[in-house]
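Should a chain be cited, it is by its letter among A, B, C, D, E and F, assigned in written order, with residues numbered from 1 in that chain.
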Amino acid sequence: MRPSGRAPDEMRAITIEPHFTRHAEGSVLIGFGDTRVLVTASIEERIPPWLRGKGEGWVTAEYGMLPRATHTRGQREAAKGKQSGRTQEIQRLIGRSLRAVTDLKALGERQITLDCDVLQADGGTRTAAISGAWVALRLATNKLLAAGQLEKDPILTQVAAVSCGIYQGNPVLDLDYIEDSGADADANFVLLADGKIAEAQATAEGATYDEEGLLRLLRLARIGCTRIFDAQLKAVG
Amino acid sequence: MRPSGRAPDEMRAITIEPHFTRHAEGSVLIGFGDTRVLVTASIEERIPPWLRGKGEGWVTAEYGMLPRATHTRGQREAAKGKQSGRTQEIQRLIGRSLRAVTDLKALGERQITLDCDVLQADGGTRTAAISGAWVALRLATNKLLAAGQLEKDPILTQVAAVSCGIYQGNPVLDLDYIEDSGADADANFVLLADGKIAEAQATAEGATYDEEGLLRLLRLARIGCTRIFDAQLKAVG
Amino acid sequence: MRPSGRAPDEMRAITIEPHFTRHAEGSVLIGFGDTRVLVTASIEERIPPWLRGKGEGWVTAEYGMLPRATHTRGQREAAKGKQSGRTQEIQRLIGRSLRAVTDLKALGERQITLDCDVLQADGGTRTAAISGAWVALRLATNKLLAAGQLEKDPILTQVAAVSCGIYQGNPVLDLDYIEDSGADADANFVLLADGKIAEAQATAEGATYDEEGLLRLLRLARIGCTRIFDAQLKAVG
Amino acid sequence: MRPSGRAPDEMRAITIEPHFTRHAEGSVLIGFGDTRVLVTASIEERIPPWLRGKGEGWVTAEYGMLPRATHTRGQREAAKGKQSGRTQEIQRLIGRSLRAVTDLKALGERQITLDCDVLQADGGTRTAAISGAWVALRLATNKLLAAGQLEKDPILTQVAAVSCGIYQGNPVLDLDYIEDSGADADANFVLLADGKIAEAQATAEGATYDEEGLLRLLRLARIGCTRIFDAQLKAVG
Amino acid sequence: MRPSGRAPDEMRAITIEPHFTRHAEGSVLIGFGDTRVLVTASIEERIPPWLRGKGEGWVTAEYGMLPRATHTRGQREAAKGKQSGRTQEIQRLIGRSLRAVTDLKALGERQITLDCDVLQADGGTRTAAISGAWVALRLATNKLLAAGQLEKDPILTQVAAVSCGIYQGNPVLDLDYIEDSGADADANFVLLADGKIAEAQATAEGATYDEEGLLRLLRLARIGCTRIFDAQLKAVG
Amino acid sequence: MRPSGRAPDEMRAITIEPHFTRHAEGSVLIGFGDTRVLVTASIEERIPPWLRGKGEGWVTAEYGMLPRATHTRGQREAAKGKQSGRTQEIQRLIGRSLRAVTDLKALGERQITLDCDVLQADGGTRTAAISGAWVALRLATNKLLAAGQLEKDPILTQVAAVSCGIYQGNPVLDLDYIEDSGADADANFVLLADGKIAEAQATAEGATYDEEGLLRLLRLARIGCTRIFDAQLKAVG
């Protein structure tokens, strides 16, 4: 029995509120249950120095958590003067995931930055961030297409992410904070709408796992991502 | 004529959504027009080292702006590795303003941190932050009172803040971004519900001003803060 | 009765020693009683990146306090690896104050940096710094004028600053450290020789104040700045 | 055909030189082909603050790369003043991997730090680091056991890691730098001697992959880790 | 012929103004010609953690240069966020030099920090700093002795420092900035009043030197330090 | 009697293993007894900004110590976020020493960086680093000469360094860690093969020394460097 009473393959409510803020080219507030992440996509007509002259663009991400997004207050990273290893690991993952569905040549010499800021955390912040970032990226790219600034749509397909884990011996989908804290194994899958895998990360916490366990987690992830893909499409109209 | 069509002494719509997030002891999303600031109040049963043994508490604030809260994306302070002078100046002002209405002895040996994060900026982020911080502080203190952890209410009165300025020669209340960018003088007033002034800051930008100008700005501020005091009371029930 | 025996509207002795160091284009050691600040003005034939191509110059300031300028030794900011919020707030104030009397177009594409370093502190370091910075700026600009590098004098008028406060219920001028530590309210005014106000900042410390209190402090500031304007003129000959 | 002429399931030469330096409690120079990592295990009789009083120990890792370990010189992280996101991600992975085979209660209130410094890089530095770290940890723990400082061996089993990837359409084992730079997918597996998985990370670079691809990479990893387990045992005698 | 017209073994004017600032336990403004360094000695009744329980004290130094102490403005180290290698090298040298004449046991469990801030630079700032630091240390220790806080004088003898160099083929004493910039070799000697050497540092710049050259520089240093010892004694009365 | 049983003028075993790593243009593992330093020389076809347009090159050095090179583990400088004063002092010394034997004009507009990383420390790491750096620089320069990229050999002569000290009253050569920790005086000499001195640094630790002491240390250094010059020549063939 899961603490939330959910079935093992049951996602939390997915809520996607597009256009949550007004300045960004794309903006969305995504919720996986009580986890809420604000994602904005910012288009800039400049690219990182090492890309200059290659005729292609870049998609990158930054991640942050408000100090009191969590049960107890964490130190503000800007005040501490550096981003934690966890933060950097997550923002690298988000960036890679979105680049996996972007044709950087088609994007042209511009950069899109996905800022993912966690307003409230209850497990799965990185997977909600990736799933919301696709919506923000889609909205921002739609603007470029509508303005005639792109010849071809650079978004190749949808990308979504979800966490799975082994909780009290059972594989479960979309862990909330209570499950996450007590899970034996913890995995994050980034999947594409065409069924391909962009990223799989599975970590043993208390107990290690085997090949069969890994596959069962992957199958749960497919169920979850199907639900997210639907919600994404609904959100972008 | 103001760009927004408002009268000189007209505030933008004030929106206060209490309990916006669930982990913090107090939480509010406050809006002054398109400016939206999320404020959380976190109670911690520890005090700064220099206060130990004095039998009193502390109220402090931190301020941040999401990178794309603004028209063009700003660099994330956590990534830059330091908070700007502007950020530090604002968070010092917020902390002083809330301490002006708090009986630190009555609070006992605990610290309340007010995290003010700007989700969307359109002028007046520091004044919205102060005004919202009072609500978050009130909600958090109510919890302590309800739980019997305080003998006496440490909140002495309400505090609110509003910006005023001289725009195209005329004193106006609650400047939005367009007015703020072009104002000749720019002032922030922090006022208490009993009519006292906690803080007055008036800066000449393009043109300097005189005593009469300063007083006219202060009078506008009184009009604005009256509106904010009402909205605060409605929000905390 | 003030601890120093001064009348409420009495400034401490103002001492201005121009040309205190020899390398800077302008240099002054200014004293307000025991507060002593060394200010240098450095002219550089380059401007900040965001000003390029606009045909105007920039005036900026940096502020520091020697570790043992104070009663007990403070940590050296260079060793700590960052400037405090207080330092940044002060240097932003000094820069704004001096720009309020400078015609940046007339200055041409060059930058003048005012380095204000407190050798000894006894209250009012920021106001002494602003008042001394005007002298250093005037001396440096005189060199440019004498060398024919400017067509027109970019200094529009004099600027000076002084602190006022409510000490034991009475408004007093130019607080020293003892008064400053115990004041109920603490204000800094930056005034121009033509009577205009460049900046007014009044903060309630123990007790809040009202409109009448604010005006009384401003009137004291006018008395003090008149004395400083005289001393500045005498110093620059 | 692989650039090195190796068969798809062929590891590079594994070299393990124990006791490479003399001060550390455990020390090893491990080579996977031209990749060479110096790992030391340092025992300290103190634990991180958050573990105090729990009666258990901690195993952690730090990772670094000498500036000219690579084909072109990289900036020294100590000179830059911060560790890159990649460095932090890797050292977190190494720490987790070694903790997966350590009984922290049995270790007692002490910390073992595994310093992994890459002297020469040719792909697979993190997997060589993990594999070598087990040897250093084993040697250090042996010293504690020999000195009678432990009642029970805290090392539960062996852990090793290897990279796999899809290179020009084919799954291959233990990628060198040339393969790594051009791989379509890149995976790292951390496996235990009992067949369990401690960590699986598979990232699509150019092309995404599917479930079958993931399993083929995992099978290659099992082949590689079997070879590493043998070499580890030989090294620790 | 030296640019200043001085004889090869001629020091610049040595000026020592004790009690230059009033808060520090010891304070002095020392000048070697146009080089002027403000040194304060601060006594604190605490010692570094690694000295605790050993029954002895510590003498340490910090060094800084005001941004416009030099011909062209240098960046403020507090603003840059770190002290340069040169700064750190100099403050380590000053600390060692003063400890060479201090009986740390006799000082008891307290720390004396010597802050050396260069107000104006014209070569030889580190040697002026060391020579002035002795005066500040002597004045501060006199206070402790007068207050009966020390049983025994911890100052064993005088210490002074001077630079020498080979300029246009000739050994010269106490280089000013012009000579320093063009010298073939540059040496700093820290000597005790009893004739012993605390520190000798000789660096070839353009041309290397030999044993005879080293000895000739040392002999010049003896001449210079004799002059400084006299000036120190006169200053402390 | 020295702890190691060596004669006062006896060096430890000098081992020089050229080509220790393969990517760098020059690379060497140098040992002075148990002290082992890996030095790489990296050639880059760019120069520091302040050298541009002068038609000459630059030789610089960086120094680091692996955290467990020492008896007890030290904090990793990259993790701490800054290099210690000691590190910076040493790398400045190494750079100066190598530039003393390099004709920067003949090198052309390129930079050679000498990375000196201490794998194991037992006293004398900076002198081993300098002595090894010459070998790495020689090897790298040989490559440029062989490739016809230089018209003239920029290496003017050999440079080597050794430490000397007064240990229990006796001048001794090449101090190991035990001697270094207990020495009364500690000196480092950087000598050229033609007999000239590039750098002499002698510091009194417990006891000060006199002119005769300084000369005796220098004579020991000459003996040691002669041995190092031989080993260098053998290593570069």
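Rule of thumb we're sticking to: a contact is a pair of C-beta atoms (placed from the backbone, for glycine too) under 8 Å apart; a residue touches a chain by one contact, two chains touch by 3 or more.
These figures come from a predicted structure and were not determined experimentally.
Enquirer: Based on which chains touch which, give the shortest step count from chain C to chain D.
Expert: Counted as steps through touching chains, the separation is 3.
Enquirer: Chains shared as neighbours by chain C and chain E?
Expert: none
Enquirer: Centre to centre, using CA atoms, which chain is the farthest one from chain B?
Expert: F
Enquirer: Rotation angle for the CA superposition of chain B on chain F, to the nearest 5°?
Expert: C-alpha superposition angle, chain B on chain F: 180 degrees.
Enquirer: Compute the centre of every chain as the mean of its C-alpha atoms, then state which one is farthest from the centre of chain C.
Expert: The chain farthest from chain C, judged by C-alpha centres, is D.
Enquirer: What whole-Å value do you get for the distance between chain A and chain E if each is reduced to the mean of its CA atoms?
Expert: Roughly 59 Å, centre to centre.
Enquirer: What whole-Å value do you get for the distance between chain A and chain D if each is reduced to the mean of its CA atoms?
Expert: 28
Enquirer: If you average the Cα atoms of chain A and of chain B to get two centres, how far apart are those centres in Å?
Expert: Once rounded, the distance between the two centres reads 32 Å.
Enquirer: Which parts of chain A, given as residue numbers and ranges, touch two or more other chains?
Expert: Expected reply: 81-82.
Enquirer: If you start at chain C and step next to chain E, which chains follow, in turn, all the way round the ring?
Expert: Traced from chain C through chain E, the chains around the ring are C, E, F, D, A, B.
Enquirer: Any idea which chain A residues touch chain B in the complex?
Expert: Where chain A meets chain B, its residues are 21-24, 27, 34, 36, 38, 40, 42, 44, 62, 64, 66-73, 76-83, 87, 113, 115, 117, 119-121.
Enquirer: Show which residues of chain D lie in contact with chain A when the two form their complex.
Expert: It comes out as residues 82, 84-86, 88-89, 91-92, 96, 100, 192, 195-204, 208-211, 213-215, 218.
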